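Order of writing sets the labels: A, B, C and D. Residues in every chain begin at 1.
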């Protein structure tokens, strides 16, 4: 029986769904990940938006009010993940630390709700990853151009609200408390020059990670770590991707063979 | 000049440091990671504690009130990290997902402050990793023995307070809201049997990850994902460890060659 | 004292050295490997020869009568090795088997001074490698264009004098003796269709190798090999190259991740 | 119709087959490869021979007059290949060069019918591989125990008839002709000490290979090769084996991660 109450409830429900759908749908200003076959594009939706790939075309009006996961003109529409943002959205002024390495490092440093030190900031990709797990991240970058670029990267994607960034060489910082940090990540060319200073700023037993591209640097660092650090590990991470054809499953023809060596250790007394 | 105020302040400072030192020091009941050369031991400190490795011995009284990072009788003393706990502290009733894979997966699923679904729970290692990033994790395990073991693992190390665990096959769960979860991790033998159900429970565009040990399973899953899922990626992760001798740097002789294939995708409409 | 005999001996020696030097030097018609930094060029010396790389130029007259190993205008001059010829000199109508795989396979098949069967010939790279160790190689290729290309490849570089090539599907060959071959190498899409025939032509215990690009094919073949073959091994070979800077030693950024799976086995009764 | 000629021919054929079968069959003194599931045993057949694996047993009389490829009591019988001999038959007094590396190196050095220099000999595995392709191999080993062991290894398996072995440090050899060798393989701890001498003994443009286990040695060698050698390549070879279950195809759990770095170059003027 369609009483007035029923009718009202019906309308309420109808508009609630409309509103939810509207909230879930893509709007101007949103960042969107567009996937066309095995190609990915990270774009911000704005007037005049237009993407064309081998004859498939998308315009702003094709996307507005569409929902995540929809398939239009050969493109899938998704919200970008952190990985998409780091790989496709961050502007790079330096060699970056890739998700392949940074995702592993962040957990390995055991930083959940802890205080983390980073230097140098570079393009800010590692900072963004550390920031998701840590309570706070302090990061130092001596090159002004890099420092400013990193901050822009974070702001464009509303990341790193718990990060304090400094345009300064970590070695020159002298107002920090002793034994303040629970862990650190170091990505500079000559990390052995920073070990004494680093030692004073870390809590006892703090896990550390250093990224180094060459074996010569790894040897240099290992020698320097013999004093004041222990439980040293060196490793490299390789990701091997496969073609996603179920009837012809096989690895991709080529892969990334090297980004850097990861040196892990813990502060000792 | 040593005024009475000065003396009082001096005492306050002295005892504050004592108290902090006491708080930082190892006490009975604590879990401790003991590192002897390249061997690691995760132990809980209790009466009668005794560890002996090739002639080096540690007793409870050697450790009590010692600080993290100290070196005693050839052993380094550390608090265990999450990785140490997963590798050395969790009891295994099943093949586990190793940090090499789980640390990468958790970030790749983009679950910071989100709702995550997992099945099957297994020994609970992946749950513990997901739990650190996610807002809440719901996990399903059909085998009672595994379910109970996972819960014991979490409780022993005070992990997973934001996890809801069910001793039930995910397929039989029927009270869950539609489109509740932002992401999922699936570790069961025949994931293709769960895809229809899984599709109803995931939000639009939700990232998913499946772990599969064999290529035959990957082929089966890829075929099944063609309906309702897109942006599929298959990859495997290899870690290569090095001997930490600075003058003779070289990889370890042997390495883990395979744990499983990781299949990533996103829910589509 | 300079007697007439001495003078004559002197002249003899002088001309002998001249002749040897002339024999060792590059002449028109020779194949030459030119190495410019990390780039390699395989060329045949002929009138009008001219090679230009980023401003460095070589002409025929720069090279004639120069010796191997000389360095001219930024180029090193070498005789090409078998590997250089296979990688740079052979024309490809098909996916080829690379030295990374073929060099290992040839020795693994234990074919020194033995009779080897190959099908399909493809571009003839594997044939050229087998031919260096074996007494004789019989090779079958059903596609006329491939068959003719392979023969041209061998003739250009004076390779494969002990090879008998057939423009025919191996399955259709019916004049061969039973148990004639000591070993075989098989590179066709559906090798399982050939196993019965292959079994009759191989000596007892003969080692076999199959190249297959996909895991699905490997599974199919493994099932088929259960009858009539034993001691099965499956492997893949990865080569990782390094940048040759002594002060900054590190792997190349990218590498070949996959060519094919190698399945080895031996004929059983 | 059975004429006397027919009967005679019949007998001739009968005995010919008997003789061939007898020749093909295993006899006392033969080396045999026994394969039991994924285990391999290389044995010489002699009185009292007895092999027992998890309840499966083989005695001499089980094997005599059996043919290659036969399956008896769970064991396959095969003639050993060169790889089987190197891995299971050669006695090791030193770290050996594995087929994974040596099979590739031998072809890469382009030594078919050429003169090859090797030092040090070690256990003689590389010598055995070089010897199959080369015209002649000269090998130097300073440690008497290694030198004698290598010769014993070759003699046990009738290998290396074209090898001249010297119990001497290559640096001390002074009767060799200049520019005698077409190629060389070097496996000593400090190869840079030998480069001047080596240079005099190699033909112009000769390919060389050095095996080195550590990155520090590679850096040292690369620096030394800058004078007198060119076209330098550094690489490492990884083999990844699979479990041979067609329905559950997957890599082995563990693999060899490192044997050594291979440094290739060519003599320049």
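In this text, a contact is a pair of C-beta atoms (placed from the backbone, for glycine too) under 8 Å apart; a residue touches a chain by one contact, two chains touch by 3 or more.
The shown structure was predicted, so the numbers you read here are calculated from the model rather than taken from an experiment.
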Chains touching both chain A and chain C, listed by label: B, D
Interface sides of chain A and chain B: same vs different residues, half threshold: same
For chain B paired with chain D, centre-to-centre distance based on mean C-alpha positions, whole Å: 45
Inter-chain centre distance, chain A versus chain D - centres from mean C-alpha coordinates, in Å: 49
Averaged-CA centre spacing for the pair chain B and chain A, given as whole angstrom: 20
Residues within chain B bordering two or more other chains: 215-216, 218-219, 240-241, 247, 249
Graph class of chain-chain contacts, one of line, ring, star, complete, other: complete
Complex contact set, residues of chain D against chain A: 215-216, 218-219
Partner chain C, residues of chain D touching it in the complex: 24, 35, 40, 67-71, 76-79, 81-83, 99-100, 102-104, 106-110, 112, 129, 132-133, 203-207, 215, 218-223, 226, 230-247, 249, 261, 266-269
For the chain C and chain A complex, residues of the former touching the latter: 213-216, 240-241, 247-258
